[in-house]
Amino acid sequence: MQLSIIGYDPLGAWKKTAETVDELLSYRNPSGVTWINVDGLENGDVINQLAETYRIHSLTVEDIRDVEQRPKIEEFDDYIFITFKAVNHASENGFEQISIVLMRDTLITFQELSGDSFNPIRRRILDNAGRIRKMSADYLAYTIIDSMVDEYSLALDDMSMKIETLEERALDENDEAFMPDLQRLKQALIRIRIIVLPLRESLNVLLHIESPLIKHNLRPFFKDIHDNVIQTAETIEGCRELLAGLMEINLATMSNRMNKVMKVLTIISTIFIPLTFIAGVYGMNFRFMPELDMRYAYFIVWGVMLVIAAGMLAFFKRRKWLF
Amino acid sequence: MQLSIIGYDPLGAWKKTAETVDELLSYRNPSGVTWINVDGLENGDVINQLAETYRIHSLTVEDIRDVEQRPKIEEFDDYIFITFKAVNHASENGFEQISIVLMRDTLITFQELSGDSFNPIRRRILDNAGRIRKMSADYLAYTIIDSMVDEYSLALDDMSMKIETLEERALDENDEAFMPDLQRLKQALIRIRIIVLPLRESLNVLLHIESPLIKHNLRPFFKDIHDNVIQTAETIEGCRELLAGLMEINLATMSNRMNKVMKVLTIISTIFIPLTFIAGVYGMNFRFMPELDMRYAYFIVWGVMLVIAAGMLAFFKRRKWLF
Amino acid sequence: MQLSIIGYDPLGAWKKTAETVDELLSYRNPSGVTWINVDGLENGDVINQLAETYRIHSLTVEDIRDVEQRPKIEEFDDYIFITFKAVNHASENGFEQISIVLMRDTLITFQELSGDSFNPIRRRILDNAGRIRKMSADYLAYTIIDSMVDEYSLALDDMSMKIETLEERALDENDEAFMPDLQRLKQALIRIRIIVLPLRESLNVLLHIESPLIKHNLRPFFKDIHDNVIQTAETIEGCRELLAGLMEINLATMSNRMNKVMKVLTIISTIFIPLTFIAGVYGMNFRFMPELDMRYAYFIVWGVMLVIAAGMLAFFKRRKWLF
Amino acid sequence: MQLSIIGYDPLGAWKKTAETVDELLSYRNPSGVTWINVDGLENGDVINQLAETYRIHSLTVEDIRDVEQRPKIEEFDDYIFITFKAVNHASENGFEQISIVLMRDTLITFQELSGDSFNPIRRRILDNAGRIRKMSADYLAYTIIDSMVDEYSLALDDMSMKIETLEERALDENDEAFMPDLQRLKQALIRIRIIVLPLRESLNVLLHIESPLIKHNLRPFFKDIHDNVIQTAETIEGCRELLAGLMEINLATMSNRMNKVMKVLTIISTIFIPLTFIAGVYGMNFRFMPELDMRYAYFIVWGVMLVIAAGMLAFFKRRKWLF
Amino acid sequence: MQLSIIGYDPLGAWKKTAETVDELLSYRNPSGVTWINVDGLENGDVINQLAETYRIHSLTVEDIRDVEQRPKIEEFDDYIFITFKAVNHASENGFEQISIVLMRDTLITFQELSGDSFNPIRRRILDNAGRIRKMSADYLAYTIIDSMVDEYSLALDDMSMKIETLEERALDENDEAFMPDLQRLKQALIRIRIIVLPLRESLNVLLHIESPLIKHNLRPFFKDIHDNVIQTAETIEGCRELLAGLMEINLATMSNRMNKVMKVLTIISTIFIPLTFIAGVYGMNFRFMPELDMRYAYFIVWGVMLVIAAGMLAFFKRRKWLF
């Protein structure tokens, strides 16, 4: 579990890491924006101590610690609580939970897994890149959510590429791994959708909250994130329809092959079965079989056989069953 | 049918059981919160007597006694009526009905089946664990609903594990029990969904009721239950999609096997049918068959047969039908 | 066409039948609630005469007479018009149309088919059972709708039993009547749904009508009917999903059988076709076939055949195709 | 292109046809309701001239002339514009476009195709049948829309009859035209739905327009049309579900037949293939085959063959594969 | 990257092209409407310079440059921002992005690809065709969106024609390219739908914006575009249902063919397999086979064979399996 604190105002910025909450809080200074980040959620005491200091509701603490929590945004008296999933390839299911407590001049973030997802933002603060140092804590919250939402698009781009590979495989009749692979991709889409849809709803709620914690000039920024999330959700639906289409192509391909196999069997069988019967007839050992003694019987039988075979082929040709 | 009564305030707590409603009511004392619990719904007189004492509407009494009642929350003049299903493995269909009548300082609960589902809550009251003794009757209602809703999640976790077992079986071509098992799980999901969806709706209604019976600082708690129920509903939908995917995989697996069986049949048949025909021809007993007397005819015929077989195999290889 | 009139107040109740509308109206007396019932809709004059007397809108008259009318509830200046379908097994399609015109102290009901559906309610009035005699005309309307809606549940219970029978038949491979029976049940569900869904909507509208014709203390009663209708609609959806599941099981069962039939054919064919070919070879009549004169050739050939058959069986066993 | 004008008030009614708009307009008289009808939309000048006279918006003119226009109702300052499709069997796609411009005392209707759809209404005006002569222009608009909407029901009744014919054919295994016929009916339903659904929406909008052009006492009439259109839409959905069910029955029937064909093939093949093999064995020409010289070998072989055949049949009977 | 500027008022119009933004801005004159068009989005500096001059929000600039942006309409303090996709066959995916910034007297348009899509509008301005020169900048915005939306209809007409071609191919049993072609069309529909649906939503928002930038008399025009987009969306849904129907027809056709192939195989096999067995029996070489020496045995066997074959054919005929 790692604790870090960043302070900044338009004039400067500093960063400290701490071992204990007491040490962490000693670094606070009253001016500018304070950003406290907690990496890892195992140590409940640290979270409780922070919650007590910043008067965070017990339900919020529960939500922060429950990593199965569904994305949501809630307004409390003193803060807005935002929790959602971020893409994290180090995690088992591909996601980690990020929780944000947005107060007037302070932002506390909780990461499920320790990692460096926030480093680019930290660098922008310390290097004074862009306008982030000039803005208040709500802009910092926006920046964090925005960069996490951008990761969704990257994850979807990755999936789109996998779908393209599947597109080529859909017409391969011998690819037995196709269907399981397609289903695996489909389930990956369900998993990402289950975290995107509630976020879309929550952001919609956020846009209609009349809170002094989010300044009026930040509305377009949050609306922009909302649009991105909507677009992500639409892309997911598009991918799902593509996959459904690929499955239909593959099933039709399989069925086509079956048809072809059946046709070959039918043609060969129906031509030779009658001929074999005729050969069998003249292989019988009856004493009195007049044909056997006829001079050209053998050649006549051959002729009859050829006529039957040609007739069969003509029948199949008329039915367009010849390959 | 069992009657019990619990009284508590921040200073103390007591519990009594009673044989009759009169005895039960004699234990009431005016201060603090009173929680009356009725186990079993067979004895209509008991319910009617309680309804008369606490002025409960006749329709509410009907709803309490009708165990087929769909989950709902209704506001009456003097009380809020909440009825829903709780997971109970002792029950035939896996659920029992819980009804709650929430009044100012009194809470009456009706359980369809006698059991110990409420024991942990009773213990928290009597042992003064957590904040429950400091709170009013609405918090008690919240605690009861919350613990029942948590059971849904556990039931779903159980189902998720069963789905995982099915995932492994979906690719087994010989598992004829797969489809019925999958359908059984699907129907279990339908059954749980039918009790979760109306509860979600009802809780939404509850969140917008402006009733003095639910204090303002309890709103976040009821919102939290609502979120849990929404998440449960989403998990159910997710499970349904997973099952649909598994069915598709299984159907594709079955179809694949069919294809393979057909291929083997086709290959063996199409190779040997023409050869058998040739053998049949030279098994005919015509007197004048010039080939029969040729010196190497037998070996030539063998040669022709091998060429035909090889040609067939090459044709199948080109078509990628060889296994 | 039958005309009847019932009058009641808390003190007494009486019932008369009449031949003509004039006779019917002559029985009216000013105190208490008057309930006029018209059985059968063939005689337009009777309905028109009543409509004129009670100032019923021409569109309402049209709706009463149109037995294809979809369930609806409409508020007019002087009355509320309610029309819906009741279960009636005597009817061709299983339903009859009931129309109710609810006025201040008068209720007129129109039944499509003469029957005794209302008898239990009449008896409750005449026998002063329950509270019905103490209540006004709106409670009578509630009682009628409620008893008709209860019939839906009974009809659905009946269907549930039929579905259970189908459940057992779904796994029977030889039951060719299964699919048509299932479709028949499905269409019965569609028919009942088509009359329940609009009623649900209409009752929702009724709950939000601010009409002096429905007293405030009757709201919970109408809400109760609404809940019943919602539950009926949900049960219908549940039944539909069950049927969809049964169809999937049945299709899988059929496909399984096909697979088994194919397997038997494949195994027998692929084992014997090569053996028959070998027998054919040594049935050829070439003069020079060295094997024919060998001492143990016949037994060697038998040995070869047994080896081939055993090899085939081993191959099938490895592929798990043996039954 | 035909122009006609009808004038009426409670006292009288007259009808004129005209060649030019100028002639038409000369017939106008100030009292009562004026109904101008334009048959055919080819002559843009006529429409433009009328638009100028009655101050119709250029967009409305565009909508009148665009016969691909989707049904809609729009309120302008001086008029309400209503456009929808009417059933017309003379038309290529089965529908023609009707546009109505409803002004205070004037109604202008535009028909895509010249025909006699409005004749019954004209006769009711000229013959003073019903209340139409006593009412204002909005009632005329209602009458026109109502009679056109009634045609939808007739068209649907027609389709229902076709569906009933299909119902009988669904179980016919040899009816190859079934599926294309079903799809044709399905597409006809899609076509009619595409014109009914927007009309339902538009009428809903109309019911909430607060316009002096539609008098308050006409609301129930327009609500009545709305109900009819809703019922039509529900009937269409019902038909679609019926068709989906028929398709499922037909597919199951086809699959059943396939199963039966396969069974016959399997039974005949599996019984005779081993027997033929045995016959082949004893048709071999080896010099040393001890069985050939045995006295009763031939009859023993026959016995063995019969035992094998009986065993096969018993196996099939146990598996319930015998037909 | 091309810059052009057009100025017009009811009295006159002029057009200039420029190399740099400074040059472009020097052409502005205060009276009338100014339309600045930017072709190509590569040069960020040009867009930034324009954004600075016209005080365009940084998020708008981002949206203009992001060609993956989903169609949307946003109101800012000084302008309305509209972005959507236009059909452009020169583009890789068939679409290009158009962004419009609508200010009081100025309209700035950004095209993703340089092309001549706006030429007809430019000509209408310069030639003073229609009313465009008399109207303000909002009418210009309407004209541009309207002409782009019209292109959607053309693209859909093109697709409808392709669907008609598919309709003919759906019944062709040998058309293996059918399913992939159908899926390709389906995906083209998904692509166009993904750009039409958000536009429909956005235009709905636009219709409810109370902005001085869109004059009241332009409302009907924007409502008209909205209706067109709704109609386009409905056409897309209709096309999707048609394609789904075609797929069902094709699958049924394929299945029918399979059935026919199977029938031929079954009939030929089941007739000849028993006959061949009989021939095999009398081809056995047992020394003691009484039939072989009978005078008319051969002809009797022929008779038996014919009877068996006729019996089989009769059986098939009764089962209606003969083709």
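First chain written, first letter: the chains are A, B, C, D and E, and each begins at residue 1.
Keep in mind that, in the parts below, a residue touches a chain if its C-beta (ideal position, glycine included) is under 8 Å from a C-beta of that chain, and two chains touch if they have at least 3 such contacts.
Keep in mind that what you see is a predicted model, and the values were worked out from it rather than measured.
Chemist: Starting from the defined contact criterion, work out which chains touch chain C and chain E both, please.
Modeler: D
Chemist: Please give the intersection of the contact partners of chain B with those of chain D.
Modeler: Of all the chains present, those in contact with both chain B and chain D are C.
Chemist: For chain C and chain D, what's the span in angstrom between their mean Cα positions?
Modeler: Taking the mean C-alpha position of each chain, the two centres sit 25 Å apart.
Chemist: What is the distance in Å between the mean C-alpha positions of chain B and chain E?
Modeler: Chain B and chain E have C-alpha centres separated by 40 Å.
Chemist: Can you tell me which residues of chain A touch two or more of the remaining chains?
Modeler: Residues 258, 262, 265, 269, 273, 276, 280, 283-285, 289 of chain A each touch two or more of the other chains.
Chemist: Spell out the part of chain B that touches chain C in their complex, as residue ranges.
Modeler: 57, 59, 62, 68, 70, 72, 74, 76, 173-174, 176, 179-180, 183, 186-187, 190, 194, 198, 247, 251, 254, 257-258, 260-262, 264-265, 268-269, 272-273, 275-276, 279-280, 282-285, 289, 291-293, 295-298, 301
Chemist: For chain B, which residues count as touching chain A in their complex?
Modeler: Residues 171, 220-221, 223-224, 227, 230-231, 234, 238, 241-242, 245-246, 248-249, 252-253, 255-256, 258-259, 262-263, 265-266, 269-270, 273-274, 276-277, 280-281, 283-289, 319-321.
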